[in-house]
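Consider the two complexes below, in which chain A is the common component and chain B and chain C are the respective partners.
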Partner chain A sequence: MMREQELVERLNARFSGLEARVQRRQRVIVSATRELIPSVLLWLKEQAGYHQLTLISCVDWIEDGEFELVYHVASHASGIHVMVKARIDRDQPVMESIVPIYVPAQPYEREIHELFGVDFPGNPDLTPLYLDDWHELPPLRKDFDTKAYAQRTYDYEQ
Partner chain B sequence: MREHKRAKMWTTHPYKWGQKYSLWPIHFCTGCGAIEIPPTMLAPYDASRFGMGPMASPRQANLLLLTGYLTRKTLKYVIRTYEQMLTPRYVISFGSCPIDGGLYYTSYNTINHLEWYLPVDVWIAGCMPRPEAFLMGVNRLMEEIENGTADGYKRYEENIDYYRRNQERTLGKKFLEELKQVEWLT
Partner chain C sequence: MSNRLNLFFGPQHAGVSGNFNITVTLEGETIVGARIHLGFLHRGFEKMLENVGFLQGFPFVCRINVMDPDHNEQIYAMAIEELAGIEVPPRAHYIRTLVLEMARLSTHLLWLNGMAGAMGFYTVNHWAMLARDEILELFSLISGARVYHIYILPGGVRRDLPDGFAAKMTAFLDDFEQTLHDFDVALFNNRVFRKRTDGVGVITQEEALRDGMTGANLRATGLARDVRREEPYAAYADLDFEIPTRIEGDSYARAMVIREEMHQSVRIIRQVLDKLPDGPAWNRTPNPFKWNIPPGEAYVRVESGRGELGGYAVTDGSNRIRRMNYRGPSLPHGLVVLPRILVGMTVPDIAHMVSSLNISVPEIDR
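What follows is the complex of A and B.
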C-alpha cells in the first residue's frame, strides 16, 4: 500500500511531462497533458490499486481558452483520493474516452459532452441525457448567457 | 356560508358536496416540495381528515399537486397528465418557483410562469411551504369548490388558444403534434 509521498515519487519517475504533488493528507493532485491521461489512469488502476472512479468534472477556463477535465479516482486500500487534471483546447475540445479503463465513466462523459460540448471518441453512447430540443450552445459553457436565454424562452413579453 | 344555506345547497346540488369532500391528488411529484407530501398524507398531519388520499392514475384523480420547480421535460408530462384527468379537475401549485421562477429564474431548463401553460386554482407561496400551509391551501380549494370559483378547468377550455400558444412557444411544435395524435384530446 503506497502512501501519498511514495505515490507521487513513483508517478513522477514513471511519466515524463507530468507533475504530481501532495495537497494534504489523503489528497494527491496530478497535472498531466491530455495524451498522458489514459496511461496515467491505467497505471493508477492496474499498478496502484485505484479501482474506483468517483467522478469526472469539467472546468471552463474561458480566459485561457481551455477546458480542464478532472478525473477523480480513489483507492479503498489506502483511502487516498487522486485528482488527475488535463487541459484541452476550447475551440476543438476532443478527449480520448476512458470507458475501456473505467466502465462507469460512460455516463460522466455523456453528461460532459452534453453540457460542455467536449467530444469523447471511443464512448459508445453520447446521445443527449438531460436536455431535449436543444439548439443553443452547451449550457454550462461560460459564454452561454443563461439569463438572456431564460428571459427569451420562459419570461418573454406576452 | 351560513349553515342552513349550505344545507340547502347540498340538498339541491349534492354533487358539490361530493366534489368538495373527495379530493384525490394524483401521485405526481415534481421538484423539492414532494418531500412535504408524505408527512401530510401520513399520521403526523393526516390528510384523510379532509377526505384526501393519493391516487395512482390520472383517470381517477381530480387534484394535481405541482410541488416545486418545473423543468421543460417535466412540464410536458404535467400537461399530458392534466389533460388525461376528468373534469372537474383542480391544480394546486406549491412554492415560489412555479409563480415566477423563484430561485431558478435564470436557469436554462426551468419554466418561470406556470400560469401561462396551465390554469392554477390555488397558489401556495413559500420556499418550501410547510404541510400546514399545504392543508390551508386545501381548505381554500374546498371553499372555492363550494362557492363555485374553482373554475380552472373551465378557463382552460375557454382560453385554450392562449395556453396552446404559450405551450408551443416554450415546448415546441413537435410537442403539440404529439399531443394531437392522442385520441382522448379533442
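What follows is the complex of A and C.
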C-alpha cells in the first residue's frame, strides 16, 4: 500500500480541487471536476508513468441529473490501476476529448457518444459505432426502456 | 484521386475472424486507408445486465466473447464478490484456474485454426479444431455444456469436478503435448509460414503501449506484462509458470508467444491437478431474488486469451447492477491498431492481420 499512498499524496499536493484516495491494494480513485480531467490525466501520463488508458466508463446517475465519466489508467511499473472520475451535467453532456493525450480514447469516446449521448469536442470521429439508423434515446441511458422499445419495434404477443 | 478503389471486406469471411466489415481504400494493390464497421453482432449485453438480477447475468456475460467465455464469467463473479464481500474457498480458486487455463487453450487453438486457415494450412487448421473439440468435451464433463459453461458463480463454482476427471484431463494433456510438437513441425517451423509472417505487421513496444495493447500482442514486443503476474487472481499466485516474450513485434513473434503460452497452460493445468486442495467448491450466496448488494464500485481484471480483460461494476444498493462495463482487449487491437497497421499492406494481408492480432469481434460489439 506504500506506492498507492505515495501516489495519492503526490496527486493531492499537485492539484487543488480533487480528492484522491486508496480504494484497496492496486486501486486508486481520484474524484475531480470536469475541468481538471485533462490536466490530471496528462500529469499521470507524463509525470507518473501511467501510459495505458484501459477504459473510459460512463455511469448514468439519473436521480442526480448527472453522468459520471470514469477514466481508467494503469501503469506497468507500479501495477496500480487509477480511476479518475468526474461528473457532468446530464442535460448538456459535453466533455473535452482526451484523444491528444491517449490514442485509444478515440473509440471509447465514440462508444460513449453513441450509447449515452455525451459530446466530446476534439474527437475526430464520433460517428455511430454499433447501431444503424438509431433515432431513439441513446440506449444505455437509464430512461431508455428496453422492454417498451422491443414491444414497439418487434412483433410481440403475450 | 481517380485511381482509388473502395473494397468492402467482410462481414462474412470464411475464417473465424469475420463478423465485421473493413472498408479498405486501395491504390493499385496497396491499402492506403482502412475503416472498421461494427454492429453485426451487437447484442446490448451491458444494457441487459442492468435489467436482470446478479445471478441472471451469467448467461449473458459468457456470450460476450464467443471464443473465450470463461474469462468473462470470472470477471463478473470477481466484481460481485468484491462488491458483496464474498469469500471464495481455496478449492474453488483452483478449479477456476483449471477452467480458465482450459479456456485459454481452447481460444488459442481457435486462433491457430483461423491463423492457419488464413494462410492455407488447412491440415493444421483441422488439427487445431480437433484438439479444441477434445477440450470442449472435457468442459461438458465439468459443466454439462460445451461452449457456454455458466460454471463460475460468485463464491466459487457451480459444482465440484466429476469423479475421474483428473485422469481424463491428464490423458488429454499427454496427447496434446505431442500435438503441440506436430504444430511446430507442420506450421511454426515451416518455411512457408516463416516467410509469410517474418517481419510482417511489425509493432514496436512504444507503439504498442501508446495504442493500449495488452496480452500476447504486447508481449511479442518484449514487455513481460501479464495480469496473472501483476495482480494474481484465482490460484495463480501459488503456481509456477513463465511469461513468454519475443522482441521482434511481428506476426511471427505474436504467433510464437501464443504457441509458448499453450505450453505454459499445460504446465499450469498439471500443477492444478496435483495441488487441488480439499474442501467445498462453493460458498453459498444469498437468495438471488432478495439479493441486494451495497453501493460501491469495483474494477476487476484478468488475463484472458487476448490480453487484459476488465470489468468496471457499479452497484447502488438495489438488486440490480447499476452499470457493468466490459473492457475487452480486442477493442484497441481492432479499432486502433488494425486500421493503422493495414496501411501499406495488400489485400491478402487483411485476413492474416485480423488473425495475427487475434481480434475477437463479439468482444468489441458486445
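What we mean here is this: the second predicted complex is superposed on the first by the 153 of 158 C-alpha atoms of A that agree within 3 Å, B and C clash if a C-alpha of one lies under 4 Å from a C-alpha of the other, contacts with A are read in each partner's own complex, and residues count from 1 in each chain.
As a working rule, a residue touches a chain if its C-beta (ideal position, glycine included) is under 8 Å from a C-beta of that chain, and two chains touch if they have at least 3 such contacts.
Please read all numbers here as calculations on a predicted model, not as lab measurements.
The superposed arrangement places chain B and chain C next to each other on chain A without a clash. Which of chain B and chain C touches more residues of chain A is settled by the count: it is C.
Contacts of A:Gln106 after superposition on the shared chain: chain C is touched, whereas chain B is not.
Contacts of A:Thr146 after superposition: both chain B and chain C are touched.
By the touch criterion defined above, A:Val94 reaches neither chain B nor chain C. Once the two complexes are laid over each other on the shared chain, residue contacts for A:Arg27 go to chain C alone; chain B is not touched.
When the two complexes are overlaid on their common chain A, residue A:Gly79 makes contact with chain C while staying clear of chain B. In the superposed three-chain arrangement, the CA centre of chain A forms the vertex of an angle with the CA centres of chain B and chain C, and that angle is 40 degrees when rounded to a multiple of 10.
Look at A:Asp133: by the touch rule set out above, it reaches chain B but stays clear of chain C. By the touch criterion stated above, A:Tyr154 is placed in contact with chain B alone, chain C being left untouched.
Of the two partner chains placed by the overlay, neither chain B nor chain C lies in contact with A:Met1. Figure legend note: chain B and chain C, brought together by superposition on chain A, show a least Cα distance of 5 Å. Taken together, the two complexes place residues 130-132, 139, 144, 146-147 of chain A in contact with chain B and also with chain C. Those residues of chain B that touch chain A in the shared complex are 72-73, 101, 105-113, 116, 169-172, 174.
On chain A, the positions that touch chain B within their shared complex are 130-133, 139, 144, 146-147, 149-150, 153-156, 158. The residues of chain A lying in touch with chain C in their complex are 26-27, 29, 51-55, 57-60, 70, 72, 76, 79, 81, 83, 102-104, 106-108, 129-132, 139-140, 144, 146-147. Considering their complex, residues 38-39, 42, 44, 46-48, 51, 209-212, 214, 223, 225, 230-231, 297, 299, 301, 308, 310, 312, 314, 322-323, 325, 327, 331-332, 335-336, 365 of chain C touch chain A.
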